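In order of appearance the chains are A, B, C, D, E and F, and numbering begins at 1 in each one.
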Amino acid sequence: MPKLVEYKDMAPRAKAVVEGIAAARGIDPSAINNVWKALARHPGVMEQFAAEMKAAFAPGKLDPLTKELVYLAVSIANQCEYCIASHGAMARRKGMTDEMHEEFMRVVLAAQKGNKLVTAYRVPVDEAFDEA
Amino acid sequence: MPKLVEYKDMAPRAKAVVEGIAAARGIDPSAINNVWKALARHPGVMEQFAAEMKAAFAPGKLDPLTKELVYLAVSIANQCEYCIASHGAMARRKGMTDEMHEEFMRVVLAAQKGNKLVTAYRVPVDEAFDEA
Amino acid sequence: MPKLVEYKDMAPRAKAVVEGIAAARGIDPSAINNVWKALARHPGVMEQFAAEMKAAFAPGKLDPLTKELVYLAVSIANQCEYCIASHGAMARRKGMTDEMHEEFMRVVLAAQKGNKLVTAYRVPVDEAFDEA
Amino acid sequence: MPKLVEYKDMAPRAKAVVEGIAAARGIDPSAINNVWKALARHPGVMEQFAAEMKAAFAPGKLDPLTKELVYLAVSIANQCEYCIASHGAMARRKGMTDEMHEEFMRVVLAAQKGNKLVTAYRVPVDEAFDEA
Amino acid sequence: MPKLVEYKDMAPRAKAVVEGIAAARGIDPSAINNVWKALARHPGVMEQFAAEMKAAFAPGKLDPLTKELVYLAVSIANQCEYCIASHGAMARRKGMTDEMHEEFMRVVLAAQKGNKLVTAYRVPVDEAFDEA
Amino acid sequence: MPKLVEYKDMAPRAKAVVEGIAAARGIDPSAINNVWKALARHPGVMEQFAAEMKAAFAPGKLDPLTKELVYLAVSIANQCEYCIASHGAMARRKGMTDEMHEEFMRVVLAAQKGNKLVTAYRVPVDEAFDEA
């Protein structure tokens, strides 16, 4: 199953998606990363995911690095190695220093522990949180 | 098992932890939230988690709201209702508007989908990410 | 969907499963716990799970409390509230003191953190572990 | 990202952590396993995790093998390959025979099934478990 | 946070989404189910999810009940109670009998066990599967 | 730990399991796939899993391809690479076309998103679903 389709071999719908992403990143379409080469087999899924990523990372009220860190946090919680590698690289390109990375890891690990603590001790939600 | 211990009934080690948290938040120790009332049964676990949370949220290179969003992202990925309620409330107190919340949700959901896509299509990590 | 079937209303195959469990525990079949009342709708699934639980908890090389702690550890990692409540109660009946419970929680939480650390830093398996 | 730092190249804080672990295990610091080589980039995270592991595995009321099995159970539930390899090796060193391993696996798999059964049938917690 | 917005109080974009769903189901918009009342706070997220669900359940090569069972299988694996309740109800409306439900549960539970077995024993992928 | 036992080297109980599976598939026992070579170390676990798989995939009210898709959906949600590779291959052998695969992926991804949406917004179950 893990077949990657190179840009030059993609169907037109897949090529169009890759060209859009490549243009936004200022890279050549042939240098697109593997997730898009894999998705090229299913253009419908590919178009929807590309649109969703574009909307998620569009300029807004949260800065680009914060968004990368949120994406990376979800990927660590879900244990997706590809996503950790790719969005870790993107976070560094968007300004994550090693010091920020360590702070980020502290929060991720504290959350991970807090999530399990609360479950293990079956802690009921405080009314104050619902009112907030 | 889900027994909550009120502040006035806690053992001295547990009381000390709660007093430290309450002082930092400017609240009365008796108004502490449920997770600490549950942890009071196990002071060793409680002290360690309090120290870990304090270190994770200490002032640093990432701003306080970014840290809350990272904590919240992990909690959604792990489906911890208590944590979503409590850290959602804290994120709002630290400045998360409804517009920011929607942007945050878009990134969380895109990550969630990206994580599963990559797994389902068994996408290998690009060499470029390891070099980054 | 969450319909519980009381013992007196169960089909014969389901009644037989409950009677076997009740006899082993020295309780009345009508006092069976909810998971069996829910499974009574699907006797094939019920029989298989009852056989699997009986084999898992049969006397062997691991003592009964160790087995309960292993079951409880998996249930916390999977965030199954019913299982945490039921097997937490059983662990206490089989001798888990509050002190042992705290030690157990320390190991569970360290594992939880270790699991995510290793994923986040993409740590390769040491050759020595494969040889062990 | 998956950069391993050898002992000789570590910063002093990281070296100190490794020396403490190596001394406790009676091995040379240069033979430390990969998780510590990866963590060496972030000494704060490293120190905290080393302290947490030391506290979790300190002598207490639960025997060392039981603690390893609890750690391994969480790691299987969370699907952490590194942790399964490393703590599987440690469990064998602490006395886990193949027969005990099979019993352990039976309990882990029964728990795994029980956790999903209860969720799928939406089983409510019995009042008796809360009173226990 | 868990605020539900009734149809009559929704903003125009949210109302439009609900009207589309209600028309497709032949129900009154005011009878829409809770997930849409919750999403009404974030119309962008709501529109995207509605479009994604519509595309996923559009007539195609897989029959409607198969699609519901796939959705339900994912929801059980992810332990989403709301999704199990709602898509369980929809599967019954689309023809799932109690006998089919039991067969479905057998496959879900076998998969659940298989997934963990393979992880616990660290089974490498057979070359034959990649060629298939 | 990841030791595979070839058919010719298996103990009699393990050989018997493999022979049963090979006969049902019309293949030579020596061509059995890796999961059974790994399980051969623990014949009790192996026999139970073989029986469970046989019961799950026995002819019934759900067609064979639907069962494979349900198994595959759980495996994607649980991120089991081996299971995705093996049951993806089996689904193709049982008639899954690329078009059906894309429809299947759309439903899996919509479910994945729906599961997290509902958790993040803490959506309460509609009464109508419980009555259904």
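Going forward, a residue touches a chain if its C-beta (ideal position, glycine included) is under 8 Å from a C-beta of that chain, and two chains touch if they have at least 3 such contacts.
As the structure is a computational prediction, the values presented were derived from the model and not from experiment.
In terms of the stated touch criterion, the partners common to chain B and chain E are A, C, D, F, listed by label.
The fewest steps needed to get from chain A to chain C, moving only between touching chains, is 1. Each of A-B and A-E has its own count of C-beta contacts, and the greater count is at A-B. Under half of the residue numbers found at the chain A and chain F interface occur in both copies, marking it as a different-residue contact.
Sharing over half of its contact pairs with B-E by residue number, the repeated interface among B-F, A-C or B-C is B-C. Taking the mean Cα position of each chain as its centre, C sits at the greatest distance from chain A. Chain D and chain F, compared by their mean Cα positions, are separated by 28 Å. A straight line joining the Cα centres of chain E and chain F is 20 Å long. The mean-CA centres of chain C and chain F are about 22 angstrom from one another, to the nearest whole unit.
With touch defined as above, residues shared between interfaces to two or more other chains in chain D number as follows: 1-2, 41, 44-45, 48, 52, 55, 76-81, 84-85, 88-89, 105-106, 108-109, 112-113, 116-117, 119, 122, 129-130, 132. Chain contacts here are complete: no pair of chains fails to touch. Only residues 1-2, 4, 33-35, 38-39, 41, 45, 49, 52-53, 55-57, 60-62, 66-67, 69-71, 73-78, 80-83, 85-89, 92-93, 97, 99-100, 103-104, 106-119, 121-126, 128-130, 132 of chain E touch chain F when the two sit together in their complex. On the side of chain B, the complex with chain D involves touching residues 1-2, 44, 48, 52, 55, 129-130, 132. Against chain C, the residues of chain E that register as touching in their complex are 79, 84-85, 88-89, 98, 101-102, 105-106, 109.
By the touch criterion stated above, chain F contacts chain B in their complex at residues 76-77, 79, 81, 84-85, 105, 108-109, 112-113, 115-117, 119-120, 122. Residues 1, 41-42, 44-45, 48, 78-80 of chain D are the ones that touch chain A when the two sit in their complex.
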